[in-house]
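Presented sequentially are two complexes of subunit A, the first with subunit B as partner and the second with subunit C.
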Partner chain A sequence: MAEFKEISPNASATEKLTNWFENRFPTAFFEYKKHMSEYYAPKNFNFWYFFGSLAMLVLVIQIVTGIFLVMHYKPDAAKAFESVEYIMRDVPWGWLVRYMHSTGASAFFIVVYLHMYRGLIYGSFRKPRELVWIFGCAIFLVLMAEAFMGYLLPWGQMSYWGAQVIINLFSAIPFVGPDLSILIRGDYVVGDATLNRFFSFHVIAVPLVLLGLVVAHLLALHDVGSNNPDGVEIKGPKAPKDAAGHPLDGIPFHPYYTIHDIFGVGVFLMVFTAIIFFAPEFGGYFLEYNNFIPADPLKTPAHIAPVWYFTPYYSMLRAITTQMMYALSLILVVAVAWTILKVRMPGFIKAALAGVTFVVLWTFGAFGITGIDLLQGIDPKFWGVVVMGGAVIILFFLPWLDHSPVKSIRYRPSWHKWVYAVFVVVFVVLAYLGTQPPSPTGQLVSQVGTLFYFGFFLLMPWWSRLGEFKPVPDRITFAAH
Partner chain B sequence: MSDTPTDASKRTWLIASSCAGVVGAGFAAVPFVSSFAPSERAKAAGAPVEVDISNLKPDEKLTVEWRGKPVWILKRTQDQLAALPKLDEQLADPQSKRKPDELTPVYARNEHRSIKEDVLVVVGICTHLGCSPSDRFQAGPQPSLPDDWKGGFLCPCHGSTFDLAGRVFKNKPAPDNLEVPPHMYLSDTRLVIGEDKKA
Partner chain C sequence: MKKILLTLIAALGLATGAVASEQGMAWDKAPNSTNDLSSLQNGAKLFVNYCLNCHSAAFMRYNRMKDIGLTEQQIKDNLLVSSDKVGDTMKAAIDPRQAKEWFGANPPDLTLIARSRAGHGGTGADYLYTYMRTFYRDPARPTGWNNLLFPNVGMPHVLWQLQGEREPEFETHQEHGQEVKVFKGWKQVSAGTMTPLEYDQAVGDLVNFLQWMGEPAQNSRVRIGVWALLFLALFTVIAWRLNAAYWKDIK
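The block that comes next holds the complex of A and B.
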């Protein structure tokens, strides 16, 4: 137990009250200092550093509006669609709460994508921040599950058929797949049971996990300290510090960054409310038009696409066709042949590698080109699912893929910026194609895009080391203003 | 680490009780995981459906619901039937040999995949990811379809195409032909879906 502090009888009432609490609940005071008033953050945060606090803001908006929506919504296949209409038309201000929630979902992904991009360009995932990044990726993954399950609840055509497609993805897993998808749906088709359990997950289970991960993300961040646009450690052993041991290049999070972030919140809310009031459907991207039609299990809408934030991955799923598997097989053969010829290793390992490659090629269906049934391997549908999942899972490994000697893009060779630029363009193009109906050109472009997306990450250990790196300064670059 | 020597017996009991705890938690999880499975009510649903097809004209399609899924009953024209064998080259499984027990009952294992030559009965759910394909009965070039299209179905989700016997075309995301549900005729125009004369 901490020592009991006596206070002078002449102290003011406020001081006495504070002292009373501090003696009984010192943890609150200690944690406030650790995370707010004495958490030193680098002085040189720029525009990109708004998005972390904005993600927190959107999380709060989603939780608060969600609580109010649950008061009027009915998780019943016969009533769900109608109850959403009821919220929109009859509940006082219900339309606003619902639009805040639906716009908040898209805003969440915009903010999170920008937040992740910031981490990518400034190397915020590098040692010692690997766990901060991994918790962040887990948040992203859980957020996708949360958004997907929430999207079923209005029980519109897109809700229904989107869930149908995504749940059927699981049935592509060999052996257990079909039973697994029945277990997820709780019925042989998407129905009332599915709606009810998705409601439970969306409202209770997943948000709890999400909150836990957010806490872990922040605690881990505050343990290792924030990165900054220069990628210079402000709390390292060599970094300059004042007499009290605080970094000279840092400032207390509160009040400096709290005020700074409130400015960001102000700008964000202007955009956010403008969308809520003037374009809540956002041209069919935030709320898809087909979702204003009640779910009809007998008829798939002529064009179905997931909501925009899933479309890059959806494009990659669609890119995996039999021909794409032949292309991937060819790439695999070339990569393995190169490894066996160029890398020194014992002969038996080479033989084992060749053997494994042979089996993998069989599962890829590479020998299916012969037309023999036995050699068909695993259905491309399964590999499509693997690619789609892999596109997210690969992010977890980023700390070990990036071998660049410097953290921040600022001190990397200039052409690295182009690699990142192409990566962003590819991601946006994949997202766009995912919203479009299937077409031969679109398919080819998304296949090239998928190869680039994975090439960017998988070849990163090689390309991130190449080029002439610029000298990294000892201290952050910061001009007082 | 403390310097106190490990008490081997305490350690053994600690490990044993931890294992017992894990096993207990495993058993406790069973009812919760099992509750995800379809309920008795969901299992009981899915009675056979009877349909009267006397008013079905050639080139017309009727959709009925069976076990929550759309079942199509399509009456094909003589021209459409004549076109079927010509497509074999372009199809992934023209003879319906894949997964015959799940997809094609014995009485539908023929070129036209039906009991009556002209009446096709299939579950209108794409074997890829479960969307319901749209009708594209009109032959000839049209968006998302090849120029030599002879009529069939196009899945709006991922572009899989099926011919008028529900057979999937090659190099499409869907791996298999559309499922022919168990069905039988009570009379010339009365059809039962969900039951057949196997027994």
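The block that comes next holds the complex of A and C.
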């Protein structure tokens, strides 16, 4: 334990008080230095670096508004819809709290998507930050669960049927599926039991996990240090340091980035506030019109779409049809044939590979074209679920998929930027298509988009190495403001 | 690259076009302004007299109508069914089971109808404004009424005495080798107590009230929003200059 520090009796009252606390709770002072006043961050952060702190801000907004909503909300199938309208009408400022929470949900995903994209283009997931990235992906996954369960609570038509559709997806899993979906619902259809357990998960269980992961994300980040737009290490053994051992290219997080982030908070809050007060439904994207109709288990809406932040994955789910499974089977056959012909390995491994491929093709339903029942494989709906889940899970593996010799997009071959641009366009198009009713053209586009999305990640070990890379500077590029 | 993008955009255009053509008839623009108190009051009167018999507004309290310029006494005297209290929500007297028997479905709650009916064709108010003005006589229907916007609707034309009876006129022409019926205009069969212009205005007031009832806080929301944004603009400018002051020594 640290030594007890005496202070001069002539010291000011503030100094005495500080000393009193420092002797009794040194951890607070130590951690404050470690994470704030002596956490050195690269000084060349650009606007992309606002979104981390903004995600934290939105998390706080969601927790605080959530606490107030729970004071008036009733997790009861007979009263839930009514209690939300009670909040909107009779609770003083209830409408504001509710709109903050509903807009906050969408804002959370906007901010998190941008934050993840920042990591993607600047290589922030590369060694030694793999765990920071993995914790981040886990946060994203948990956030999706949180949003999904929260969306049921207003008990409108979209809440109800959205939950019904998504939970039914689990029943496509062979053998355990039907029982699993009953376990999730607590009933044979979405009902009061479902609402109660989703409420419990949404307000306490999932937020606890979320907070724990956020702490892990930040602690891991502060252990390895922040990346920056140049992808140059400022704390490495070769990086220049001052007499005190602090990196020359870094500055203390507090006050420099705290004040910087407050400016970012101001800009963000202006957009956030404008939506809350002037367009809280945001054209039916943040609050779906159908959700102003109370849940009716007997009346299925003509068109069920999840909220916009799930629609890219929903599009991928809908893209998996029998035809798509044939296309995937063909791709698998080509990939395996190429591996067997081009890669050196013992014959028995090749034989095993071919055997496994054969079984996988059978489960894909590739031989279903023969019309024989036994060869139909597993329902494409199941593969749709696999693709939808895989689209998120694949993000976890990014640190080992990217083999580019440089971290940042700045020093990659110019055509890489186009690959990222198309990736963004594909993601947005998939999101748009997911909000629309199914159409033949839309389905074809979403199938191409799904192939591109997975190609982007699965072929990354190859394409990320191709092209002429630019020389990476020894130190960050920074021009004084 | 560009080609791919263009193809994608073209494909999207096709997709949205296909959706748009499924929407049916176009919605008329509702003349609603939820700041017009006399229009809202007239709408409230029409709502209570014509709609509330079958439809509830179960999340709306009578005394909330103080927000549209009515006093509690006025609400009690003119808008309240005798058995209700002024702090009660607006519940229809109709028995749901009988309603189902008469109309084939329980009349939906109207509190949020202007919010829930919004869609690709326009706002919920536009939908309702169009709906209430497209009823026509149809002896084939059990109620004797049908609707252009909502074909085979269960609801009869409640305001028919105001509007009178009308019939739609169609023009048939060939399109892609098929005979297509296109709506041309209305034929007044018998006159109502209102002229067509007065009727449109009355429906406008009613829809205006429904729009307001969907979210009674909507006008104060916008007013407060302006102040919130002004404050944030000031806050952001100060944060921006403070940031510049801190960062000026970082070279």
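The criterion applied here is as follows: the second predicted complex is superposed on the first by the 481 of 481 C-alpha atoms of A that agree within 3 Å, B and C clash if a C-alpha of one lies under 4 Å from a C-alpha of the other, contacts with A are read in each partner's own complex, and residues count from 1 in each chain.
Quick note on the criterion: a contact is a pair of C-beta atoms (placed from the backbone, for glycine too) under 8 Å apart; a residue touches a chain by one contact, two chains touch by 3 or more.
This structure is a prediction, so every number in the text was calculated from the model and none was measured.
Asks: Name the contact category of A:Glu85: first (subunit B only), second (subunit C only), both, or neither.
Replies: second
Asks: A:Thr273 contacts which: subunit B (first), subunit C (second), both, neither?
Replies: second
Asks: Please work out whether A:Leu298 is in contact with subunit B alone, subunit C alone, both, or neither, and reply first, second, both or neither.
Replies: The first partner, subunit B, only.
Asks: State whether A:Asp187 touches subunit B only (first), subunit C only (second), both chains, or neither.
Replies: Only subunit B; A:Asp187 stays clear of subunit C.
Asks: Given the touch rule stated above, what does A:Ile251 touch, subunit B (first), subunit C (second), both, or neither?
Replies: second
Asks: Contact-wise, after the overlay, does A:Val336 reach subunit B, subunit C, both or neither (first, second, both, neither)?
Replies: neither
Asks: In the superposed arrangement, does A:Val429 touch subunit B (first), subunit C (second), both or neither?
Replies: So A:Val429 only meets subunit C here.
Asks: I'd like to know which partner A:Ser439 touches here: subunit B for first, subunit C for second, both or neither.
Replies: After superposition on chain A, A:Ser439 lies in contact with both partners, subunit B and subunit C.
Asks: Please report the subunit A residues shared by its interface with subunit B and its interface with subunit C.
Replies: Shared contact residues on subunit A (touching subunit B in one complex, subunit C in the other): 437, 439.
Asks: What residues on subunit A touch subunit B, complex-wise?
Replies: The touching residues are 161, 164-165, 167-169, 182-189, 191, 193, 197, 297-304, 318, 321-323, 379-381, 384, 437-439.
Asks: Which residues of subunit B touch subunit A in their complex?
Replies: Touch list, subunit B to subunit A: 36-39, 42, 46, 63, 65, 67-70, 124, 128-134, 144, 155-159, 171-173, 175.
Asks: For subunit A, which residues count as touching subunit C in their complex?
Replies: 43, 82, 85-86, 88-90, 95-96, 251, 255-256, 259-260, 262-263, 265-267, 269-270, 273-274, 276-278, 280-281, 284, 289-294, 418, 422, 425, 429, 432-433, 436-437, 439, 441-442, 444-445, 480-481
Asks: Considering only the defined contacts, which subunit C positions touch subunit A in the complex?
Replies: Its residues touching subunit A are 1, 4-5, 8, 11-12, 14-16, 18-19, 58-61, 64, 108-109, 111-112, 115-119, 124, 214-217, 221-222, 224-226, 228-229, 232-233, 235-236, 239-240, 242-244, 246-248, 250-251.
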